[in-house]
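Next come two complexes built around subunit A: one with subunit B, the other with subunit C.
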Partner chain A sequence: MNSIEVKNLKRIYRATTGVIRRTTKEIVAVDDVSFEIKEGELFGLLGPNGAGKTTTVKVLATLLIPDAGEVRVKGLDIVKDANEIRKHIGFIFGGERGLYWRLSAIDNLRYFASLYHVDPEISKKRIPYLLDMVGLNGRGDERVQGYSRGMKQRLHVARTLLHDPDILFLDEPTIGLDPVGAREFREVIRNLQSEKKTILLTTHYMFEADSLCGRVAVIDKGLIVALDTPSALKKHVSDLSVVEVETFGVAEEVVEKIRNLPFVDALSVKDQDQRQLLLVQTKLGAEAVPDVMAALDGMRVGRVTVREPTLEDAYVRLVGGQV
Partner chain B sequence: MKTIANNLRLFWQGTMLSYIALFAWLRPTTYIASKILMPLAQILFFTFLGSYASGGSNVDFYVIGNAIQITAVSGIFGVTMSIGGDRWAGTLPYLFGTPANRLMMFFGRAFMHIIDGALGVVIALMWGALLFGVDFSQTNMSALGLTILVTTISTCGLGLLMGCLSLITANVMFVNNTVYFLLLIFSGANVALDTLPNWMQAFSQILPLTRGIASARILIAGGSFSQVAPMLMSEIGIGLIYGWLGYMLFKWFELQAKRKGTLETV
Partner chain C sequence: MNFKNLFVYWRTVLTVAEITLRHQWNDSFILFAILVQPMIIAVLALFMLRGLGGDYAMFVVVGSGLTGLWSSLLFISGNSINAERWQGTLESLVAIPTPFEVIIFGKNLANVVQSLISMTSSYLLAALLFGYTLKMVEPLLFLGSVLLSVFAFISFGLVIAPLFIMYRGIQQWQNAMEFPVYILAGFLFPIALLPNWTTPISYILPPYWAARALHETSTGAGDVQKVILAWGLMLIFSVIDLFIASKLFKVMLYKARVDATLETE
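Up next, the complex of A and B:
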């Protein structure tokens, strides 16, 4: 049975500028998006910045009204039955905001419990249980303003589970977390999945989607460009190898020169402090290395490796080189 | 029955926790200073200025007018910050994503400011008695207490409306300051209403505070409750109208934010 059904969803933002001559600019954030999520499934939504991930989550969380299409959560219409849907869903948007920093974690949870009409007797037991579950046991009396980013994120998880929702929307929940915090957070998500919650996870991190999600949709410019299991998506690039070249201060013209080499299928650049990691997707494998190095003639080059493609490489191919 | 209990709990917790959450920056010393020194400063300024201008014949007029007007600090600024604080804290999407009763959520934000505002008025009147010898010997104290409460509620009604503006514009403090100073004139706190031009008198009649200040002056001068009861009825009615308009604006804002995607725009 499907918990979530999205059919031909469209959402446009309109920005008006000017005082006397007012002009309205339309930005199509989501354009004809359709997908379904089964009960108990952990579904990933991947895409570059501005692809339409957060807009889709906001529509599902009843915080945005769609311009067109049909969206159903537990069979209920997202616009007509918004208040009923809110009883069954929980959501988190990435970042630290959205909590009362001057209140303790327990007071934050008490207030949100009352907003979700959780019986006081239940919330008395549930709040310590949730704090324990997210690793904040013993810190509940502290004001949130003293919490680290990771602790705030985990408190958001506790907040969203107060009313024991069946469905969770997690919008880039690990963004900005340090590696240890992100790993702990992923463990929390795994635990939620083991409780048979239906979860929609949006993320920038491909390994996160690869390790957590049963199915993944890749969204780009408001359209779903691929929807499958992570292993099936990887098959999109199974004929390719990835040449990774560590460079220092590579110029944009050089990147374009490599991109235009006839054997290059896709190229993306990852900035890492002073270094740039060029990820060249090619069918040639190691044979492509001499030509890539020739294009980098005169540049300072570090490590060069050739490896099998990952979900991230499949993603890069699907969204045309944007990371 | 369960729904009523849920809503009352939401009202009470919303009242207490939102007050603590958004006003905890007022440390005890700052809070006490704002409750004791600020009313004193306003009363001293306007009483001496008014007495000088009018030849010192009517000190009580200025003391009582400004003491009651003090409630606008909590009613306008406090309530606005209580509602607008959610926008600044980024909690609005999380509030609007809950199934909570919006009426309870909305009016719960004003409750503590009613108590706070009334306390401010009592302190201001005590300053009036101590420094300017305002005489309460002929005053029906319970009627005066009711007048303070009613006036504070009606001012918080206007505050709720102003608070909703803080959900739409980032410049609400400018609007609040303007309203606060307009109340100093139009409510009759510092200028006798019958000396104002007709259009100003008409405007003063649609504001909270106007009838509350007039009622307090009558009661402190020894007037009876029956003399002021009709004015208090009008005062609370005006407050409820402003509060209801604020609630409608709150609902409208929620709908518009969902249509336009402006829920997190500051």
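Up next, the complex of A and C:
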């Protein structure tokens, strides 16, 4: 049975400027998105910034009204039955906001428990249980303003589980977390999945989607460009190899020169402090290295490797190199 | 709505009020605004009124208290919606089973009670400092008027709150909303001094009936029948305001979901 059904969803943002001559600019955030999520499934929504991931989640969380299309959560209509849907969903939007920093974690949870109509006797037991579950045991009396980013994210998880919802929307929940914090957070998500919660996870991190999600939809410019299991998506690039070249201060023109080489299928650039990692997708494998090096034209180069493609490479190919 | 829901909502209102007070008392600026500033104003007001008669002084004491109460409701409650927006909690308060107006009711309750406590303690301190006697003519009726006024102010505040959900820039208009209510509700001088055409407007404002009941019971200007009439009309217009507010909240929240104004730009 499907927990979530999205059919031809469209959502436009309108920005009006001017007092006398008012002009309205329309930005299509989600153009035509359709997908279904089964009960108990962990479904990933991947896409670059501005692709429409957060807008889709906000429509599902009853925070935005769609301009067109049909959206159902537990068979209920997102516009007509918003109040009923709200009893069954929980959501986390990435980042540190969304909590009362001048209050303690316990007061934050007590407040939201009351707003979700959790009986005070039940919340007395549930709050310590959830704090323990997210690793904040013994820190509940401290004000949230003293928490690290990772602790705030974990408190968000506790907040969203107060009323024990069946469906969770996690919008880039590991963004900005340090590697240890992100790994712990992924463990929390795995535990939630083992409790048969239906989870929609949006993320930038391919390995995260690869390791957690049963199915993944890739969204770009408001459209779903691929929807499959991570292993099936990897098959999109199974005929390719990836040449990774570490460079220092590579110019945009040089990147374009490499992108235009006839054997280059897709190219993306990852900035890492002072370095840039060029990821060249090609069918040639190691044979492409001399031509890529020639295009770099004597520029300082670090490590050069050739490897098998990952889900991230499939994603890069699908969204045309925007990472 | 059944009685079980009413009980659950009332429990939520009390928790919201408690948490709102805790949150505000952890902010030194708000602590200054609600404790120290009213004391300074009260001390100055009573210093200036030392030579006047007791009734007039009481009229001004109650009237200035009401202006403080309205300002607190307009600024602290109104700004709290914008503050929720900036700290990213507004969305979390909308996409939940509790109606948003119940949350704002709790916030308004906290602010009204806080203002009353702060004003009472301020004037008691000022009276003590200057040896001034503030005589309450009908203390029991005055207490009843205070309780009903709390309800009247909360209800009236609820009619204005939806504007803060819808419009991010509404703060610019807050000052413009402050003085008309001072004047039309007769906080500081009787509305008989105003043009006749403004009288019907005053009559539909619950704070006007609150001010009338409080002035009459504190100065002894009105008899019991007049006070009961003010109570009745205060209640009727407060309930009408609650009804209007519930409709406005529905419309404004729907519009906020259409225009995406629940989040920061």
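FYI, the second predicted complex is superposed on the first by the 323 of 323 C-alpha atoms of A that agree within 3 Å, B and C clash if a C-alpha of one lies under 4 Å from a C-alpha of the other, contacts with A are read in each partner's own complex, and residues count from 1 in each chain.
In this text, a residue touches a chain if its C-beta (ideal position, glycine included) is under 8 Å from a C-beta of that chain, and two chains touch if they have at least 3 such contacts.
Given the structure is predicted, the values throughout are model-derived calculations rather than measurements.
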Simultaneous placement of subunit C and subunit B on subunit A, clash or fit: clash
Partner chain in contact with A:Arg102 - subunit B first, subunit C second, else both or neither: both
Partner chain(s) touched by A:Phe93 [first = subunit B, second = subunit C, both, neither]: both
Partner chain in contact with A:Lys152 - subunit B first, subunit C second, else both or neither: neither
First (subunit B), second (subunit C), both or neither touched by A:Ser114: both
Touching partner for A:Ile65 - first (subunit B), second (subunit C), both, neither: both
Which superposed partner A:Lys74 touches (first subunit B, second subunit C, both, neither): neither
Overlapping contact positions on subunit A, where the subunit C interface meets the subunit B interface: 13-14, 58, 61-65, 83, 86-87, 89, 91, 93, 95, 97-103, 107, 110-112, 114-117, 120, 159
Partner subunit A, residues of subunit B touching it in the complex: 6, 9-10, 13-14, 17-18, 20-22, 24-25, 89-91, 93-100, 105, 258-261, 263
Contacting residues of subunit C [partner subunit A, same complex]: 8, 11-12, 15-16, 19, 22-23, 26-27, 87-89, 91-98, 103, 254, 257-260, 262
Residues on subunit A engaged by subunit C in the complex (per definition of touch): 13-14, 58, 61-65, 83, 86-87, 89, 91, 93, 95, 97-103, 107, 110-112, 114-117, 120, 143, 159
Subunit A residues touching subunit B - in the complex, by the definition given at the top: 11, 13-14, 55, 58, 61-65, 83-84, 86-87, 89, 91, 93, 95, 97-103, 107, 110-112, 114-117, 120, 159
